[in-house]
Every structure is written in C-alpha cells, then in structure tokens.
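Okay, so chain A shows up in both of these, paired with chain B first and chain C after.
Let's look at the complex of A and B:
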C-alpha cells in the first residue's frame, strides 16, 4: 500500500494510544519509563510465545481447534505474566512509598496507582499492535494492496489495524481493572482480564470462516466497549469512595 | 470544588533525568532509521560510487565472497580502524600533555564543521535528489554554510542556548551514525565489537590512552575538550525553597572529596572520547556548603534528594575565600563538573546506538523495534544503577572511584553484550541488502570522526 495509506493504518491502530500518551503519560516521566519497560516485557513474551509455537506452524489441518489451542496457551501464559507483573508492581510501590516518606512527600495517590497501571496496560497494547499490525505494514509499502479471500471486502491491512485497535483498548484498560482487582481483592475484577482476553482471542477464530470478519470484528469491538465501560465504572467507584473517605483525590 | 491544589507526589518528577537523556537518544535513533529507510530503501537509488574509507581500506567487501573471507576482511578492516583510533588518541594525549588545549578546541570546532558541512551537505544532496526538491546551488550553499557555522558556534561556545547546542549535537550524532551504516555489513558489526573492546582496554589498561588522559586531566584539575551531550538540569520548583534555580557555577579548587568526584566524572565522562561505552557523569553532592545556595538562603543538606529524586544534584563546593571563576577553557562545558549535575552522555554512545538501530532498519521493522527497546532498557537500567550506586556509597571516596569505574566497565560490557544480541537477531534473518554502497570519504573526515567520538 502507499505510504499515506500505511501511515493511516498505523494511526488507526495506535492513534488513540498516541492521544492517551500525549494527554496523560507524557507529563510524568515515570509513566513514560513504565510504558517503555512494559512494552519491552510484553514484546519479549510475544516473541517467546512465537518462538515456542514456530515449530508447529503452519498447521497441516484445516480444522480450527489447533488455533484454539494456540490462543489458549498464549492467553494463559500472558495472564500468568500479568500476575507476575502485579507482584513486581507491588514491590515497586513499596519502594516508591518508602522513597516518598524519605523526601517527605505524600505517598502514592490512588490516581497515581491507576495511572501506573494505565501506562503498563498501554505498553501491553502497544506491544500487541506493533507485533500484530505494524510489523505487517512496513514490508508492504508499494503500489498494490492485499486482500484476503475470507474477508474480501476490505484490504487485509485495514482488517488487521481494526482488530489491533480493539485489542489495544482491551489490553490497556484490563490492566487497570486487573491491578485494581488485585489490590482490593475483588474477585470479579481479578477474573475480568483473563476472561475478556480469552474471549477476545476466541472471537478472532470466527474470522477463519468465510465472511466471518463481518461478524467477528463487531463482536470484538463489543468486548472492547465492555472493557471500557467496566473500567470506567470501576474508576468512578473507587474515586468516589476515596473522596467520601475524606481524601480529596 | 477543590479546596487544595492537588498534592504533588513523587510521581510527578521521578525519573526526569532519565527521560531527558532517553528522549534525544530516541530522536537520534529515529532520524537515523528514517534516513536509512528513505535513502537506502530504494535499491535503485543513488549511485554505486566505489569508495574506500578508512574503515574499508584493508578489504572491500563484495557479496560474492564467502563467509570466511568476509569475516577475515572485516577483522582486518576493524583492526586498521582501531589502530588509527589508537594512534589519534595517543596524539590527543600528547597534545593535552603539552597543554595545547586551544589547538584541541579549534580542532573540535573544525571536525564539527566537517561533519555538518560535508557529511550533512552530502546527505542533503541525496535527499534533494531523491525528492526532486527544486533548489538552486547558491541558495543551497548559503543555507548549508549558515547551518554549519551556527553548529560550530553551538559546539564551540558554551554561551549558546542549550536547546540549540543539544539539537546540533543530536544532528552531528545522526550524521556520523548514518555514514557508519553505509559500511559493508560484516565490517560494521566487527567494527562495533572492536570499538567496544578497544574502549574497555583503553580505559582499564595502565598504558591505555584514555586512562592517561583522565589522569592528566585529574592531576591538572582541567577539563578535557570533547563533544558531550548534556541534558538540561532538573530544576526544583517545589519544596521549601520554591523556585530557586541553581546557577551555573564552576568548581573552584577542591579537596580530596571533590577531587575524587572530579575523577569519577572525568573518567566516566571522558571515555566518551571514543565510540562506544556509556559514559555518564553525575554530580556527587556530599558535603554541601554551596556558596550559591548560601547566598540564596537555601537549606543545605538533604535537600539534594528533594531536587532530583533519582539522581543527586551536584553540590558545588567552593572555597569560601574565593569567588567562582568560570573557566572558559572548554568548548562545551565538557566533562568534569557541569552546572547542576545534569547527566552527560558522550556523543560516541549516541552514534553507537544509532548505528545499531540503523543497521536494523535495513532488515526489518520488528528488529528495529526490539533493538530500540533493548537499548533504551539497558540505558535506563544503567542510569538507575549509576544513581543507586552513587547513593549507596556516598561517603567512601575510593569506592566511588572504583564504583564509577565498575559502572563504566559494566556499561561497556553492556555495549558488547548488546552487540552480540543484535547480531544474533540479525543473522537469524539472513536478509541481504541488494546493493552495498561504498562511498568515498576523505581520510580527513575519518580523522574528524575520531575527534568527534
């Protein structure tokens, strides 16, 4: 595709992340560092998973269940990594609080904690978008574009950009939900992220069928909206609770 | 309905110094990647000028050679290059010993002129050719001349606006890095490894030129002229003193603590004279009786943590009897003590990382992304370790020297490891560039590069 179209697809997948970055994350250097390290960690996890599965792909059968197995294992390992990142974050939070005490500044506010979780989630989303969408765009610059048979109405790159956008949203905000759930001990929130991730992954299997992307992608966006709404409700609840408890923020 | 303004937590300012170094490094890498993908991406672009450079003088790689031949040739090339760099560095030590500092300063300005004027001019010509940009010779010459002269002044004079200086340093790094990516593939890799190893040797071995230079500078309490990127110092605008800006004050005299501090600084900052290795100098603030602080009525002591949470500011120690004498014998506040402990990163590191990422850009975007993240992660970890190390051992002067030495060695080892990692990730792709361009670069330009780094 042309350079203009390529930039368009890249912005489609990463545009909202870019605006979120400029609005929230770029003002606090620590969040930028969190974003960079989170991107690195999730990218390494994706590379590791693809290295493990490289031996089995391409699948010889046309059935859908090997793909389901692939998605299941990948989602499971990524969710394990998310829990491990939560542990790391707890330790870092202790360090930060100790440091704040030492320089007699207030401890981490709840908005700070949620912003750190947001930066971590955005790292996850950016890693996913780059790995699954942007890496397809750069070798494909040129005069023509590419269509897939099973989704023949829109170019392949546009489909992948749209799916990447949905996943970026899901990953960004489910990290906030997950961290909040772990810190409060709320079971719904703790299980929300893995369930939604798995559901979204399985929903992409619908694209394997002919004309499946017409059904699959709107459903995927439904999951993204669900994540957004749940995160919004959660944040609202926690902030109002916090305010009621007497803290101003 | 806010009764009070939002309390400022540590999250607002933590990690600011790291970002102030990571941003220009990222910009440099991004520009090199863009240049490489624009100018080298089209296989039919440009001309095949057969050129011998200093780095390919021993062996000119062609794609028909066997792997073993290429490796041998690349080793030969890098040997020659390292030999030339060693000779030039020893020359530099000799000149510094003979107190020809002015000559060194002028030579630095001259090399900046060469890099900006000639290398920048050639790249600009290539771009104009590529995009068929309509501009005539005279306009181009005037613009290029103006650009070059302002760049030389920015590098030369320390009174230039800091943003202009930083921008020009990034541009110089970008230009030199781009030229390095034009070398044949194997030569580039072996050269990077060789430079990293040479850097280690030159700093560690007792007869190493860089070590001699540092010791000379230490014993004379002078600064060494070099091209070093200095980040803008972090200004504390919160806290009890509220809005006090540290003035740029030069260090005066000193006793043992500050000498060690200076040695750590110069040693760490100085090895930036050669290409690779992360050389960071961070100010140490031990016993603060800062004259400037006292004048402005600040509370000395633990305040330094408040001002730069992650990395301590330098608290300049002054003899109470003397005033601060700004020493202007430096092209760019060089190594040694800068104003308020801003982090300095040698230009050689910019070039090293950008060459790595530029080479990655010739293959694949994912390699670029992975390499970029690895470099930034390593850089951030190195900076944090440096800060932590400083804080952990504030009172022991010897261990600070050793610590900074260890840290520098770690940084250099990190460079070597990074090279190996990148090379592994590249060789697993086996995507060969269809054209190998060798460009004719004058020998003087390579000497200029040696000085630049």
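Let's look at the complex of A and C:
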C-alpha cells in the first residue's frame, strides 16, 4: 500500500492524540511525565495479559465464547488497574498539595486535576493504539494490501486504524470521568468507565461475523461519541458548580 | 444519564443476541502468530521456471527484466489482453504461447502491452496439441557436413527460443497455474474496484545491468559464464596404457546427455537425447556381464557427450583434446577409430506392433554397409522381440542433427551410423521443449534399441556369433534409470544414483549449465554436474576390473596406474577399481581460460567448425523469483493519507475550541 497509505493509517489512529498532545499536554512538563508513565503502565498491563493468555491461543473451537471470556477477563484486569492508579494519584495529589502549602503556592486547581486525568487517559489510549494497531502497521508500508474475508470491502489496516481511533477516544475521556467519579463519590461516573470499556470490547466480537465490521464499527463510534458527550457534560457541570460556589479547586 | 442507560441496554442486547448471529471464529480465518506471518500471507510466492538471458558472439537471446528493477504488472489472461489498457503480465496457455510471442515480435504496439508472460501448465496438454518445439526446423544446420537446402528434420519447430525478448517469461507449475488463474479471474470480475492482483517478476540479468550484449564483452566484464560441462568416456575392457601390444582398432559407441528448452530448468529431453543415454548405459551393463572381452580383436569405447545442443561443444572439444594429446584422452588414439555408432532418439519406435529403428549412415560406403549388415544380423537374432531396423531414406540429405556430424566434419572417411526411431522427420513432436518428458517415450523401445546395439557392438568387435544370444539387456535397469533421470520422484535421490554419488538436487534437469571455475583435466574435477558424475561412476563400475586393493577405501591406496576411486561421495570411502573412465571438459573450442577469466580466441580459419560457433554464454543472475499480491491504486492511498491528515487537524480544531470554552468558564470568576 505504499508509504502514503501507511502514514495515513498511523495518523488516523494516533493523529487526534497528537493534536491533543500539542494543544494541551505539551505545555506542562508534569503532564508529559504523566502521559509517558501512564503509557508505560498500560502497555505493561497489556503485555502481561497477553502473556497469560498466550498459552490458550489459538483457540481450537470455532465458537465465539472463548473470545468473550478473553475480553471479559482483560477488561476486568484493566479496570482493577484503573482503580489502583486512582489510589496512586490520590497519594500523589496529597503530596503535591502539602508541598504547595509548605511553599505558599496555590494548590491544584480543578482544571489541573482534570488535565492530569486526561493525560493518564491519553496514555491508556496511546498504549491501546500502539499495541493493537501500530504494531501491525509495518506491512502497510509495502506495496501490497490485505483484505480479511469477513470484512472484504475495507482493507484490514483501515479497519484496524478506525477501531484504534474509537478506543483511543473512549480510553482518554473515560479516565477523566472515572477520576471525577472517584473524587466526588458519584456512582454513575464510577461505573461509567468499566461498563463502557466492557461494552466496547464486546461490540468488537461482532467483527467475527461475516460482514460484521459494517455494523460493529459504527456502533463502536457510537460508544466513543457517548463517552465524549458524557465527559463534556461532566466537565461543564463541575466547572459551573465550582463557579457558583466560588471555588476553583 | 439517559445516554448511559441507553448504551448499557444496547450492549446487553448485543451480548444476548450474539449466540443467534452466525458468529464463529471458524477455521476459515487464518490465524497469524506474528506480524511476519501476516506479511508472508500478503505476498504469495509462485513456483515458476524462468527463461534466462543467453548471449553469443553477435547478440543475445532469451528473456530478461528490461532494467535493474523488478517488473510489477496486473495479471490478465491472453484472450482479454487486447482490451486491456496499459502493460500487463499475460497469462497464456501453451497452445497459444507461440502465437503470442510471434505477435509480440511483429507488432510493436502490442509488445508495449506485455510486461511479462506466464505460461500455464496442464496435464492434458500433450494429447491436445499437435506439437510444440521452440527450436528451429533444422537444428544446428550450420554444423551439418552437407548443404541443408531447407530440409525440415523438425517440422513442428517455431524457432522462438532463439529470439531475444525484453521482458520476463516464466513457466508455471500446476498449482501456480490455478492460483494465477484465480487471480486473473478476480481482476476481471472487479474491474471497477480500486484493487487488482499483480505479479512481480524478478529476472534481473547482470548483462542487462552492465549493458554487455554479446559474449565477448560479457566474458571480458565477467558478467556471464560460458556454457559447458564434462563429457565422459570409458573403455570396455580397460585399456592397459603400459602394455607393449599394438593398440587395437576402436569401435566407438556414443550418445549425448544434454538437452535444451525455452525454460532453463525444465529441459528434460526424455526422447532427445536421454532415451539414447539410457540405452547406452543399458548396453554397457549388458556387455559387462560377458567373458573374454580382452580376447576380442577390437576395442570397445563408450562416449557420453554434453553441450551438444549448443554448438556440439562436447564432440568438438573431444577432438581438440585428442589433437592436444591431453591427459583426458590418454589411451585413446582417434587415428585407430574404425566405426562410430551413435544412439540418437530411440524412445518412440512403436508402429503397428513393431519397434522400427532407422540407421542413418555416412562415410566410407563399404565399411558402412558392413556395419549395417551386422545390425540386421542382430535384428534377426532378436526375432521374438518384433524389432526391425531399416536403412534411412535416400532422399534425406544426410545424417540427422547428431554428434556424428562433428565426427564426419573432422574425419570425413570414417564409417558412421546414427540409430534413430525416425526416418525423415523427428518422431518427437516436442523436440527441445519442456513437454519432452517421461510420458513421451516408451521403456520397451529403449530396451529394444539397447538389445540391437549391444549385439551389434559385440559382433563388430569380433565377438563369437554363438555367444550373441547370451547378451541380455536388463529391462528393470532401464525402468530404474527412467525414474531416476526423467522424473522428480524418485529423481536423483533414487537408490541407483545414490549408490554412486550424492546428488545436489532431486529433480533432474539436463540443461548443460555453465562452466564454474577453470575447466579441469583432473581425474576427479571439482565442478562436474550430477548426471556427469553419475555416468562416470556407472561406466567406471561396469567396465572395471577389481584392483588388487579389493574393497579398500581409496584414501590411501588408489593412485596406481589405471586405478580409479569410484563411489567416493556415496559412502565417503569409495571403492578402488581398475578402469579406463575419464572426464573430458566440454566447452567451446574458441574459448580459453587464462588467469581467472575467459578469452575468446580469434577465428582460426583452419578449423571450419569454429567459424560457425556462436560461443554461447549465460548471463549471471542474483535471484530469480515471482510472487503475486494485491495492490490498491494510488488514488486510494492518497485519499487515506488525506483522511488521516483531516482527522488530525479536525481534532486539533475541536480541542482548541474546547480549551477556549473551558478557559472562558474559568475566567468568569
């Protein structure tokens, strides 16, 4: 497919992340650090999960339920990791606030906290895109293209990039929602990330059917839109609440 | 909140609906274990036999990529080639191959459409077509000892293998044919879509890269190598060089072991000339069982020549080595040559229940008549086998294309005879083509020819008439040799060949190949081909007398006069025997190897055969392969790049808008 198409696929999967990095993350060194360490942690989690499941793959049966099991266990492990990261973040927030008090500087604003969550979520998204899409992209730079039998209208690499973009969006913004939920104690927001992650994972099983990708991908983008909108609503609500309360934190 | 509930509901529904959908990760999907696996499945390697670039003193023939790059073109079937715009890799069946090539040579507008040619293989082809011979109608006419006057020995000949083509041509195997037919069909069905199946040809020839377009320049630059190999001769019984007795007159039986074809690695030559080779080996085996060969008043000598399809390299070099009194011909004095019998194509002699052979004679009339009478006597002794031998028609201008032509030009007075299964035109409809294979010949015909020749040689050498019926040709040996030399199973890995040598390949090919390194006059040259080494070991074994060092390995005690080490490769130790069997290099008499490179010698007008020698060389090449894969057209690729850029920029704009909205919200404090 040549270099042009290869770059196109990479931009499709990670271009918006690049834009987010340039516009928001790159201005604050702390956010860059958060992003890098988050990417590393999530990548390691994916590698650990794949190491565990390597012994059982390829599945000998033709049924779909082993894949559902795989997705279920992987999502559950990752959500547990998200909660663990939240606790780590809480410790770090206390340390930073204590330090700020000592040197008589302002504490973390609500926007700072949300930006840190955003950087963390972006790390998760980038890890997913690298693991599931970019690592497969090398053959896309050569002259040949590839079509999977069950999705014979769209090139395989395009499908892969589109799915990766949806997941990047979902992961990036659901981290903001989750951290806000944990800090406020809001049940809906706390359950949002795991449920959406699981739903999105299960939706990809539709791609196993013949012609399934034509249904599966739009549904996946529906989930991504949902995440974006919910995050937007959440951010707006918290900012206006704080404004009313005269509170910036 | 409502959105959230909706999504939950949706995913639950999907989860419940999954069992009802026909979802299965069935075996249809290939499972890849790594990215290299994915890449490998995108590119399919195709099994094909190439046509390579050969050069002579005045130019070149054969096929090559037009430059240094690989050729990539969509696969189109020949019948649809006319409507196709742009250049294509044309998939053609063997019966239309000749007409396609002649059209390419004549019509330059059509030839610009041809990026490469892929020739299909099929099993029913031999029965369907009348004949396919890429050689000319009178092969190697310029070497004949008579004026040819357009006599057609090979009426099926089209001459396409002697032309130059500026594009790659490959012969496909059976499985590759079906793969590419599917690819071509897919291309036709999806003409409007933005993908197509292409074939990528790698047939880059060094002489094209370095622009050396004839033998002299390419040999000087070192971008090609001359064609040649190693012929073998053997004496039965072994010649005692140190003996004081006068040398006996020589009865020489010869054949050749190399064939040619349009496609380099598919030159089996079953009928021409391997049927003759197998007959000769069976003759030597039959005669070796007789007693009292030392008391015969003539000496039997067997010669297996190579390079005969490319300017009679073997036979001409044989005479040159004899003139130079080289070590390779020690013990053989060509001045004592009395009769020469050549076994030509003998695999298709069946007609009306009889196996009929034709004796093409030339040279001194009285001795030739004598030889023919002996042949008829042998035929009479084999009355139960329904074998007939006739004199060739007097309307023939002379002997058919054969190594005997060299002998007649060098020694016009010799008594010579070529035994063939045809009279005035080749019975082989597939002369010098890849279709001249095992199904083209019959084993019993070869056994009949061998019986005839064995009995004839015995009597010519002075053998007793009473003993003639004890000469029996081993038919199972003939069957075994057919399987070893003309099929891929068992091929050269058969028991008989492995008894003598360790072959480098399994599938036999009888293309003479190129001479690697310096042509050697040693007892055991380093680079002799598999078939040459097998023939040498076989003849040495059959014509041997056990040495005093019976059964001992050759490493220490096998360097006495007349002693040879046979089967050295097969078990590592070898067996020491007394035998007169030598390799003779076979290459153009106009070449000399000097200090690491080949020199073309100036035209020596005294040797009239040298004048017509084209001095064939083969271009060097790196790798040769074909593969097929699917490509998208470049507009689609650019659209994808555009999509990626647009998505990135759009995201940036949206993020900036969100940033400004949020900072406005924060500032309203």
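The criterion applied here is as follows: the second predicted complex is superposed on the first by the 244 of 249 C-alpha atoms of A that agree within 3 Å, B and C clash if a C-alpha of one lies under 4 Å from a C-alpha of the other, contacts with A are read in each partner's own complex, and residues count from 1 in each chain.
Definition applied: a contact is a pair of C-beta atoms (placed from the backbone, for glycine too) under 8 Å apart; a residue touches a chain by one contact, two chains touch by 3 or more.
Quick caveat: nothing in here was measured; it's all calculated off a predicted structure.
Q: Per the contact definition in the header, classify A:9: touching chain B only (first), chain C only (second), both, or neither.
A: Touch status of A:9: second partner only.
Q: Answer with first, second, both or neither: which of chain B and chain C does A:130 touch in the superposed model?
A: It touches chain B, and chain C stays clear.
Q: I'd like to know which partner A:106 touches here: chain B for first, chain C for second, both or neither.
A: In the superposition, A:106 contacts chain B only.
Q: Regarding the shared-chain residue A:139, is it in contact with chain B (first), chain C (second), both, or neither?
A: In the superposition, A:139 contacts both chain B and chain C.
Q: In the overlay, answer first, second, both or neither for which of chain B and chain C A:152 touches.
A: So A:152 meets neither chain B nor chain C here.
Q: Just to be sure I read the superposition right, which of the two partners does A:50 touch: chain B = first, chain C = second, or both, or neither?
A: neither
Q: Have a look at where A:36 lands relative to chain B and chain C in the superposition and call it first, second, both or neither.
A: In the superposition, A:36 contacts chain B only.
Q: Could you say whether A:28 touches chain B, chain C, both of them, or neither, answering first, second, both or neither?
A: Only chain B; A:28 stays clear of chain C.
Q: Counting residues of chain A in contact, which comes out ahead: chain B or chain C?
A: Counting residues of chain A touched by each partner, the higher count goes to C.
Q: If I apply the document's touch criterion, which positions on chain A are contacted by chain B in one structure and by chain C in the other?
A: 135, 138-139, 248
Q: Which residues of chain C touch chain A in their complex?
A: By the definition above, chain C touches chain A via 1, 3-4, 7-8, 10-11, 14-15, 18-19, 21-29, 31, 33, 35, 38-39, 41-43, 72, 195, 200, 629-632, 634, 636-638, 640-645, 647-649, 651-652, 655-656, 658-659, 662, 665-666, 668-669.
Q: Quick check on the complex: what are the chain A residues that touch chain C?
A: 1-2, 4-5, 7-12, 15-16, 18-20, 22-24, 58-59, 62-64, 66-68, 111, 135-136, 138-139, 142-150, 155, 158, 165, 188, 192, 195-196, 198-199, 202-203, 205-206, 208-210, 212, 219, 222-223, 226, 229-230, 232, 235-236, 239-240, 243, 246, 248
Q: Which residues of chain A touch chain B once you look at their complex with the stated criterion?
A: 28-33, 36-37, 39-40, 43, 47, 96, 99-100, 102-103, 105-109, 112, 115-116, 130-131, 134-135, 137-139, 248-249
Q: Please give the residue numbers of chain B that touch chain A in the complex, ascending.
A: 2-4, 6-16, 18-19, 22, 305-306, 309, 364-366, 369-370, 373-374, 376-377, 380
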